[in-house]
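See the structures that follow.
Both complexes shown next keep subunit A, but they swap its partner, so subunit B is in the first and subunit C is in the second.
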Partner chain A sequence: MKVSEVSDALGLKQLNAPDEDREVTGGYSGDLLSWVIGRAAPGDAWMTIMSNVNVAAVGLLADVSMIILAEGVEPDEPLLQKAALNGIGLYSSPMGAYELSWRLKGLLEK
Partner chain B sequence: MSAAIHLSYKVDGSDFTGAGTASAAIKRILREIGVDMDTIRRCAICMYEGEINMVIHANGGTADVYIDTEGVKMVLKDNGPGIADVEQAMQEGFSTAKEGVRDLGFGAGMGLPNMKKYSDEMLIDTEVGKGTKVTLIVRFPKGGGDGA
Partner chain C sequence: MILSYDFHLHSCLSPCGDDDAYPTIMAGMAKAAGADASALTDHNASRNCRAFLAACEAYELIGLTGMEMTTSEEVHVLCLLPSLEAAAELEKYVRERQMDIRNKPDIFGWQFVTDENDVVISEEKRLLITAASISVSATPDLLASLGGIAIPAHIDRSSFSLLSNLGAFDRDMGFPTVELSTAADPKALVKAYPALSGVPFIVDSDAHRPGDIPDITHTLESDGTKPEDIIRALREGSGLERL
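Coming up: the complex of A and B.
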């Protein structure tokens, strides 16, 4: 399923959407950056409540297909800038990571 | 052929949010010379975790990168407090990171385990009160890069 389809189906707010055709192949939820680096798979949608600039660095390293800021958290300005500069898909949602995760799982299993 | 490329970076100990500069540079260079995606990812992860550790635990340091036809060798060196118990430090979840650092998402105690996981060889040379040197080797896949 494409990033754009996930975004539409979950009603996400677009903060930076450089590659909406990229395939979302799975999901990972977590806020401790080294866990995400170690465990998220390339192509995953990453759900987190972290909103600082390191999120962009970790998203790039883990090569996730999109980052979804959960619980309606607002990204820091440096995060927005880094996401734009590096072509990282950044979205947000008022839903929590749990709800986003099970909805995403439902979408990917369709 | 021996080390065809040698790169050297200073890692600023006061810059939490900017850590990752060396990692990003390595990534770019490896991509330019046509290294496969998986190897690039492994190198970048090792470098990033190493940089973060030098920033949050050792007040900065240096990163030296050697690239030859076999693979990539990264040497991260600092004059920080050193690691008293390396075996304990290598355990998943062990961390001495402070509160403010954890608030940024660091300090999961997974950095050294990640470096071990993504490298082919890892060597920690450390002395309490003197500093730490972490050497990491990531080998290119046999039979040339095929972008796995």
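Coming up: the complex of A and C.
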């Protein structure tokens, strides 16, 4: 399923959408950045409540297909800038990580 | 004696540190900003402390070794130590418990070990900012066993801090002193976390670039100029401001 399809189905707000055709192959939910670096798989949609600039660097290193900021958290300005600069898909949702994960799993299993 | 300080400096060994942030230059800038005592605290690494101490001696600055440790909870803990040997021992301990992830310099920045002449000795290939499997609650005893002190770093920040990641301060954790960022509002902090009331605090720059060290206005009271004296003063909260 493409990033754009996940975004539409979950009603996400686009913060930076450079590659909407990239395939979302799984999901990872977590906020401790070291764990994300170590455990998220390339192509995952990463759901987190962290919103600082480190999120962009970690998303890039883990090669996730998209980052979804959960619980309606607002990204810091440096995060928006770094996401734009590095072509990282950044989205947000008022839903919590549990709800987002549950719905994403349903979508990916369709 | 009253000593002004900045105990939280990074160098070019920290991935987020400026490539021009040679440990020697950071020592010089701390001195220029008015520090009597300082420490180099790169992320989970201490190998630039040798060059830092050499520069401290040249600039007549009291130099401590150390690192900024990333605990398993991703809480940053300022670790201050009295010697290169103790710092090397701590680095070994942390390294054995840290995820082995390769650094990507184009994403996180370079990690260089340099000598006292600002010559690059080696490039650290492992990403240094990741967490070690050491709990924040284990750090006071760990540092004490090495003659040092563990201080929760920039507790007022919304990421990588004891308050942001654990949600509370508890004196029983064993931290005699906490660190605030230069942007902190101590009164607001105590209002939000009453358990902090009366706890001694230090304020450090957490400078990652040579130009990031502001004029130093915070002081402590020490009965000597050896690193051990400074660490004892920090343990006792001697001459420190209190929350």
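By our rule, the second predicted complex is superposed on the first by the 110 of 110 C-alpha atoms of A that agree within 3 Å, B and C clash if a C-alpha of one lies under 4 Å from a C-alpha of the other, contacts with A are read in each partner's own complex, and residues count from 1 in each chain.
We take it that a residue touches a chain if its C-beta (ideal position, glycine included) is under 8 Å from a C-beta of that chain, and two chains touch if they have at least 3 such contacts.
Please read all numbers here as calculations on a predicted model, not as lab measurements.
Asker: Kindly say whether there is room for both subunit B and subunit C on subunit A in the superposition, answering fit or clash.
Answerer: After superposition on subunit A, which the two structures share, subunit B runs into subunit C.
Asker: Looking at the overlay, does A:W102 come into contact with subunit B only (first), subunit C only (second), both, or neither?
Answerer: neither
Asker: Comparing subunit C with subunit B, which touches more residues belonging to subunit A?
Answerer: Ranking subunit B and subunit C by residues of subunit A touched puts B first.
Asker: Scan A:S34 for contacts with subunit B and subunit C and give back first, second, both or neither.
Answerer: Touch status of A:S34: both partners.
Asker: Taking the two structures together, which residues of subunit A meet both subunit B and subunit C?
Answerer: 32-35, 37-38, 50, 52, 54, 57, 60-61
Asker: For the complex, give me every residue of subunit A touching subunit B.
Answerer: Touching subunit B from subunit A are residues 31-35, 37-38, 42, 50, 52-55, 57-58, 60-61, 63, 78.
Asker: Hey, which residues of subunit B end up touching subunit A in the complex?
Answerer: Touch residues, subunit B against subunit A: 16-17, 19-20, 23-24, 41, 44-45, 48-49, 104-111, 113-114, 117.
Asker: Show which residues of subunit A lie in contact with subunit C when the two form their complex.
Answerer: Touching subunit C: residues 32-35, 37-38, 50, 52, 54, 57, 60-61, 86 of subunit A.
Asker: Can you list the residues on subunit C that touch subunit A in the complex?
Answerer: It is residues 70, 73-74, 99, 101, 104, 107-108, 127, 129-131, 158-159 of subunit C that touch subunit A.
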